[in-house]
Each structure stands twice: as structure tokens, then as C-alpha cells.
């Protein structure tokens, strides 16, 4: 690529952990800056020019203003990258979607609820076309680097599709089921190098579902390991309410 | 002298989350001076309702990626108290080490990446890459090491993996800890001294502004309190963490999706400066020397000095991390199973000092170990009223300056609090009625 | 064969002794409940009494991630990955895992003989150990017994208070020479009993599996299977791989790597444009099992499953390859009975 | 026999190292397809059979199998016709003459030309299936006297997607070639046949005893073409088909291309139809 690609970073509703993770590339940051020009990043800088090639967007969409902004970003960006579970699949924010929104607001703000308009938490792809996903909560740094180098080379990044279990087995991790815990790894998209099971914790499903997940079979596994059917689905919903609602219909 | 003034900074930059600064003055009368929080509310209560105690910390950690470790540890403390789960001394030491790592990383990030561009009059850290490469490389090195503490002990710096109710799912090896210690001694300590030198040259850029207020932090008898302690007010003294509601008194204001707090006065201050004012007697020598060099004095009432207090704390956390690692190595690391057998089901409160101030979580569990009631009060929410009060005092004092200068003073003021707006709109304060 | 004796309390000394001659890899504790093959640093850490490791010795010859070449993007040059003979002692290996290596040897030498695998295969001294079949082992059904010494240089059979040692080859003699192993007149104990069986000899299995293409067992299994691919990735005779490019952050070069892949994964047969040639879980499961008991055994006369039980032990859905095969057998026999 | 006695002893080879080769010419065929002329170093000959393929790679991007589109009778360079569909092919589309690509191969079982010698050759190609078949077509054209009639049936989705239109003109004009082309949906300017490829087969002039056929196209096409050929009475043993599967190594190791017991990269891509009948998953 002749000129350096111009990169802009945006955030919507989320915890900003993904953006922080982008600042956490201490060992790579200077190399990365060799390849791109960062032109917009509210969390880290003041400037706001309007032109960019690649937009990295964190967070889910949850207010009418979000929808306006994301359309504007899409219009200006050549490549739009959804970063992190909130942006890719709605993430944790999606959990509120299963409860009637008015009730939730009432509970929180009481009579003041009309002060703050809000919508169900949506992934970016529910509103605009997303070109690339970097999954994870927070976004998987390893995957971000792969996507980054791919975009710098002008090629399409490859999205992993197989389950976290594959990576666990490649690393010969002791399966957390063996420790009497449960795990969502069997239906969760890999690409994180089985980060949580590698540290003895169960996979909470933050990278979204594998394509065409066999959810009935997953439910059976969770129930066999001591969860009630209700609890099993709650665990599956943690990051994936939007996706699961979509699969249902 | 300016008689009419309208300032509206939309989506303030270099802070975590979305906030606007709005100031209106009509005929010399200040009508409005406030930080409006426009971040979309997150509704964590809807998420926590009915969730298992295994998930509480996983979910609340997502309130904020910047403060994820703080939320996690605070949540674990509340859950453990509610369910009667015991943690080992090793667990406590590892948690304190994690908090130090997170505090260093957050304070370094704030000082170098968010605040320093103000002192150097640039828009972001990026121009500094070419103008001050050694400073940037140093900042990155410090941040990396702080994050590596999180990665080695917590499995990940943002949303750590290993801390769970009752202990850890994985503990670091002795070799990993030794390597961290080596870097803390050989890299971090000289980098801190260099940071102090750099800041000394910029000390003149810190605005002179004083406003007396109430300072609230944890306080404990045997150390500079982060993990354990009572709630301590500079006005009213110490109370136990169970009294946190009396210390916070949340209320809704129309210009903020985050609730505000007050205690003894119209507002109070939490964060590094509050901790410094309340606990400076517990700091290690290196930190005290840094404070001395940078002109930070006990009883400081200049909110802009919060950034300096953060650097002083980074020094303390570094020295104390080395001490904790020595203690862990001396004891010998044990593979322990976390205690996850609840002894009771009730209510528990956790209070921890996180980089931006004191953080409270409170949960009530049902007999299946599911959350029926949760409350969480975060530092930035507690500071918001204090920020508004500061602005109301500051604006009239600087009316002789240009509008741009006034704006930049206000932006710097808000940034000095290192506000974490993502956190502040968590909205967790509800009783769930099943 | 002359039997020698290695007392339990001398195992550690034996390991230290052979460590002086060659690098040793052996089973050691990996987690609370698991044992893995790792390079030995502490002879006391070796565990000879174990059910199974999650990954077999395959990982040393066909690593999970294996660099094929390094490239330089600036001048489009490349260098082949450095591949060295393993040149080590593999200690404490079970007979079925040794048998699996025979199968991989075949795969990587027939047709195009592959340098990467065959080079790593060199210089290995095999020290086997007998095993006590657990709830998942069924290697007896594919003709591999716990005491089988085939392919080993030295074999240790678990006996009272220690191990009976058979030194089987010159390499074995060289390895043990100088270590005092007293002769014993103890007889080799009877091998342990299997708790799992395939109810038909392999010779007949090809025929049965050939007739089981449309058996309902595939669809039934597919209902329980989550398609996670664990069964492939832990199998000692699975060797399929994918190839990936890794580019460094400076975008100046990188590596081409192969990574274990598995036919249970949906993407395995997906081509550009979205066509998936074995899309359904039933078809994938059928392919996996047929590959072990038909496709490759038709060609060589040997089953490609060695009965280690890993795919069943590590399947979170509890799918058992033995049950699948036995179901095919019983349906076949029922059909044969009604047909007569 | 014991398994280890079955293990053949041969010198192991570096199977995965490409030969860096030069792109000599790049010719767009349509919006999606491009024809590349490639030269091995030192003027080496690829030495392939029609129907064989090579693995083409770009460092940092990937590697994939592509059929050789030129006839082995044309020496010195070889041609690849590549459709832009994904990661690698999109980057290949950016290449210019002088650029380098990695080549491994030729691999696989091509068209057994000796079985076609002296016979009438019927080629049925759908879409991009014409790319490998062109190798055979040109082979026959270059050795005209060794073969009987050459009958080509080519089907494409639309006239805009037709490949090798210039060569098609010469086939059309060649009295020794019986060339038929059809498109599923023609544009207003299209004056030729419309309809799927099978509509061409009933009208062909075939000497059944003398015709040998080779089919290549998208997966859905095979079953219908087979039915059409059967209804013309062409015996199964006179039919060959070239199949496509995902493949990574090209040398029978990676397992991706397996159809039942058969490896497409070893036993195929060109199969004798009677052999395919025992492969339930093939068609």
C-alpha cells in the first residue's frame, strides 16, 4: 500500500476494555505506528479529522444517537472492524434485551426514566455492514494483531470458526470439566488460544458461537454436569443473547 | 472581564467514556458549570439478576475494562462475605499484588497518556513518539511491566481470569514471580525516578487552584490501604464498610446518566489525592521522596495534584509489590483449591481502593447462591458532584483568561480526576423483587 | 527372553541414569487430574502408572503447530524450517501409542515421503510400559494388548514391587548397559482385563462397516455431538492438518505453519463460495469412524484405531466410538439374521 | 503382513517448499477471472498432464490448488486461470508481470490421454471448469492427428462470464472442432443458446462406441450431466470427471480432500467414472 492507512478508533456502549487493550500493545505499539496513521481516538487524543481508511469500533449500539453515529462511521470508513464481544455480537450488554426495556429503566431511574432514551443493545452488524470481527471480551490481542497485519497487507483477515476445545487440546490443557466445572468451549469460537481454560477457568463464551452450533447437545452436556436447564441457558446467554435470539427465530 | 460565557465541550477526549463539559454565564452570573455524563446507561442490574455467584465477578468486571481488576476483587470480597467463603493468606497476597499491578498501570497510563499531553500542550501522546521518544518508550515499558503483573497473576490484564470466589483457578510459578521482581527492581524503580525528574520540569504547568473539600478513602492500621480497611473521612473519621450507604448517599441529577454522591458537605473527593491526604503516613520512603520532590504536601486541596499523587502511589506500589513477591516466594507457592462451598446465604459488602478511588459492591444471595439484590457505587460517580463544585469555584477565578484557556483549564480539571465514565453509568443500585 | 527386575524404589535412579545418555521424555503430572508427556528435568517426577496422556507421542513427530518455512516479504525469499531428529528416549509409552506410530509412519512414507515427519522420527529409543486397562481402553479388540512389546527397545511390565524389564534390541541394550538390572525368575503377570470390547474381529469389521453407511447411528450420534473436534485432536492416528501464514508485526516476514485439523470440524471440507462437502455432523462422524475402521484398513489390513479410548474419554458429550461400532455390528448381524 | 513391513522405504522429500516462479503475463478474462502465464526458474518445464494441478502460494497470504490451463505441448511456460473468490485469489488478482509466486507440483492424476488417443473427445465444461479442460482441448488441437473429433460443450451462467472468448472464436471456426456454448441467462446482446449445459447434450452428434468424455464443472452440474450422457447411451466406462475438494498439501497428507477412501489429490482430481461409483460422497 502506498500511503499509510489512516485508522480511527471509536467506542459505543461497552466497558472500553477493548480500547485499553489496544493501548496495552506496549511491545508492538511503536511498530504498529510505523504502518498506520491514527487519526481519531477520543480516549487517547484530541484531534477529529473526518477521513480514514480503517475504523476500529468497540461497544454495542444502545441509544438512537449510537445508530446515527455508526451509520456516519460506516459511510466514511473503507473497512469497518468490530472489536470485542459488545460490537461483534452484542456481548454482555445484550443480557438486558431479554427484559422489557421499560421495566429495566423504571427499576434503575424510577420516575426519572424518560431522561435517558435507550434501545436494546445491538451488535454493529445489526445496523451496518461489518467487514472484520475481532472477537473476545476483552478483544483477543493475538487476533487483533493478525487482523492488523492482514489489513496492512491489504488482505482479508481469516475468521476462526472451530471450537475453543480444539485449542485446548492442541495445548494439552486439562479440561476444566475434569475439575468438576462446566465450560462453554465446545460451542464457542476459538481464536483465543483457549485463554481461560489455560488459566484453569471455564470458557464463558465471550467469542460468540461457532457457526451452526448444536445447542441441544450443549444443553445436554451442561445438564449432565449439574446445571439445571434454566441455568444452562443462562450461562449460554451471558455474551450471546443477541445471537441466540437470532438462532431461535 | 467576560460577562457572558458559553462553553460546551462535547465528548471530552482523553477520558474513559463519554462526557460533556457545559458552562453558561449570563451577565456575570454563573448559571451552569457541570460535567454532563452522556454515556449510554448499561443496566447491569438486569444482567446480574438471578445469576450464580460464580458469575458475579465475571459480569461486574465488564462494568469497566479500565477498572476491571478493581471491580473483580471488590465483587469477590462482597460475595465471599455474603456466602462465608474463606480465602487463604496466599490468596490475599496475590490479590494485593494484582491491585498494585493495576494501580501502577492505570496511574502510569493517566499520567503519561492522558494528562501529560496537557502539560506539553499537544493533543495526544502520538506526537510525543517523535518529539520525546525516550519518554514514550519509558512509559510503555512501565505500563508493560504493570500489565505483566496482571497477566502473570491474573491471566490477563483486562478482565482477569484467575481470581474467583474463594481463591484462584491458577497461580503463577516461582520463576514467573522472580522474573517480575527482577524487572520491578531493575526497570521499574529507575523508570519511576526518571518519571519524577520529568514531572519536576513540568511542575509549573500544574494550575494553582485550591478548594477545601471532604476526602474519603479506606484506611487501615498496618499499611497504605488498598485491599483492607475502614472507610475514613477527612471530616468525620473512620466507620466500617457496612456503613457505606451512609457515606455515599446516591442521588439522580438530570444532567448525568450516572448518579451523584455526597456525605458531610455538598460533595466529597475520592482517589489518589484522598488516599494521600488520609494515609500518607503509611507510604514507603521511595513514595515519600517522590512526593517531596514533586511538592505534594499532606492536606493538599488542589485537585490538579491528583495526577502527582498517582505517580507517588505508583512508587509505593512498586516497592510493595517487591515485598509481596518476596513474601510469596519465602512462603512457597501452594496449589490451593478455591473455597466455593457456601456456608451461608446472605448479604456481603466489599470495599476496595481502585485507582480512581473507593469502590463498593454489595450483594444479597438466595439459597441457590443466586443474586437477588446488588448495589455498586463507583469512584467516578462519587467524584462527579465534587467536580461540578470545583468548576463552580474555578470559573469565576479565571474569567480574565480567554475562552480557549478557560476551556482547557476545565478539561484539565476533569482529566485530573481521571474520571472513568464507563464505570459511572453501570446503574446497579436496585433491589430486585422476585 | 530373559527378564530383569527394576524395583519401584530404583525407578528414579534408572531415569537419572538414562538421562545421562539421552534426552528423556516421559509421562509426568500436568494438572490435578492429568498426566502429559514432557521432557524430564526431575527424574522423580516421572509417572509410570497412568491411564493415558491426552496427547500421544505423535506430538513429538507431528507437532500441533509445525513450522514449514520462514519467508521474507521484502525479497520474497524463504528458508525451510529447521527439522531435527528427536534423538531421545521416549519412556513409559503404552503399546497402543507405539502401534499408532506405525500407522503414522505408513502415512508419512507412502506416496510422497515427508521429510519433516520422517526426520523427527529418527534416533528414538522406545521404552514401553504395560498398562492397566481403564473404563475407556479397548485396544485388545484391535489386537493390541497391554503387554505387547512390539516396536519397543525396552519394555517394562508392571509386577509386584517393581517392573519386569525386557531388553529387546541393540538400542535397548545400549541404553540400559551399565545400569544394574538383576535377573529375575518372576513370570510375566497376566495382562489386565479390558472393560470395553468391540464384538468382532477386524477382518470382519471392514465388511460390517462397509454395510453401515446408512445406519441410523450416525444421525443419532449427531444429535448428541457438538462438533467440537476434540475426538480428532486427541487421536494418536489422526494426522490431518491445515496450513496458516503468520506475519510478524513489522510486516517484514513470517512463517508458514501447519496446525492439526480434524474431519469433525465443519470448515474441514469448506471451499471458497461456501460449499461444504461434509456439512452434517452425521456425515462427519461417519467419516471419522469409517476412516478408523474401513477406509484405511481396507488399504492396509490394519485398523486405524488403536483402542486408546481417548476420543471417548475426552468427549464432553460422552460419545463412545466402541458403542458406535458395536451398534453397527449388532445391526449388521440382525440384518444378516433376518436376511437368511 | 505387519504394518511396518508395508511402510515403503524411500528418500523423504521437502514436500512443502515452493519453487519461486515468475509471472510472465497477466491477462484478464472477465471481471473475476484472470489468466496468468508462469515460468519456472531456469526455463524448466513443468512436465504436467492435462487435468493436473499445482499449488500456488503467496507468502503471508496462503496457498491453494489451481488447475493448469495450458497444454503440456506448449513448452517453457504454463498458464493458470484463476477466479477471484477469497483471500489468496484476491491477492493474486493484484499481481503484475515480473512478480513472484510459489509453485509446487504438478500434482494429482490428470486426464489419462492414452485412453483418449484415437477416440472422439467430448469435453463438457461448466463455468470455471473450462480452465482445466482447456489444457486437454489444446493438447488435442496440438496433436490433431492422434485424436478423432473434438466436441466441446461449454456452459456459463451468463455471456458476461464466458472465459477464453477469443479462443472460442477459433474453436468455432475450426472445422475439426464441434463447439457448443450456452448460457443460463443471456444479456440482450446474446445471440447464442440459452439454458443449462445439459440442454446441449441431446443434440450432439456422437459416435457412442468411439467417444470418450471428460466433465468438469461446479458440484451441482455432475449429476445432471451424467443423466444426460446416460440418456444418450454413453457407457460409464467412457466418462471421466474432474472433481474439486478443499485441499492444503496436494500430496495426500493433510486429509482435507478425502472422499471416502480416496484422496482427490492422489487418485484425482480426474476420476474414471466407474471408480467414482463406489465413493458415496463423491457426487
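Per-chain residue numbering starts at 1, and chain names A, B, C and D are given in the order in which the chains are listed.
Assume a contact is a pair of C-beta atoms (placed from the backbone, for glycine too) under 8 Å apart; a residue touches a chain by one contact, two chains touch by 3 or more.
Quantities reported herein were computed from a predicted structural model and do not represent experimental measurements.
Set against one another, A-C and C-D show the most C-beta pairs in contact at C-D. One simple way to say how far apart two chains are is to compare their mean CA positions; for chain B and chain D this gives 65 Å.
The distance from the centre of chain C to the centre of chain D, with each centre set as the mean of the Cα atoms, comes to 38 Å. Separating the centre of chain B from that of chain C, both taken as means of CA atoms, is a distance of 52 Å. Counting partners per residue, chain C has 32, 247, 251 as the residues that reach two or more other chains.
For chain A, the set of residues touching two or more other chains reads 153. The residues of chain D that reach two or more other chains are 60-61, 86, listed in rising order. Under the contact rule stated at the top, the pairs of chains that touch are A-B, A-C, A-D, C-D.
If you check the complex, the residues on chain A that touch chain D are 153-156, 158.
Remark: chain B residues 11, 13-18, 39-43, 45-47, 50-52, 55, 58-59, 62-66, 68, 109, 113-114, 117, 123-126, 129, 136-137, 140-141, 143-144, 147, 155-159, 161-162, 164, 168-170, 252, 254, 257, 422, 427, 429-430, 432 touch chain A in the complex. For chain D in complex with chain A, the touching residues are 60-61, 86-87, 90-91, 94. On chain A, the positions that touch chain B within their shared complex are 12-21, 23-24, 26-27, 29-30, 33, 38, 41-47, 62-63, 66, 91-93, 95-96, 99, 104-105, 107-110, 112, 115-116, 118, 137-138, 195-196, 198-201, 204, 231, 234-235, 238.
Contacts from chain D toward chain C in the complex involve residues 1, 3-4, 6-18, 20, 57, 59-63, 85-86, 89, 100, 102, 219, 244-246, 248-249, 251-256, 258-261, 266, 280-281.
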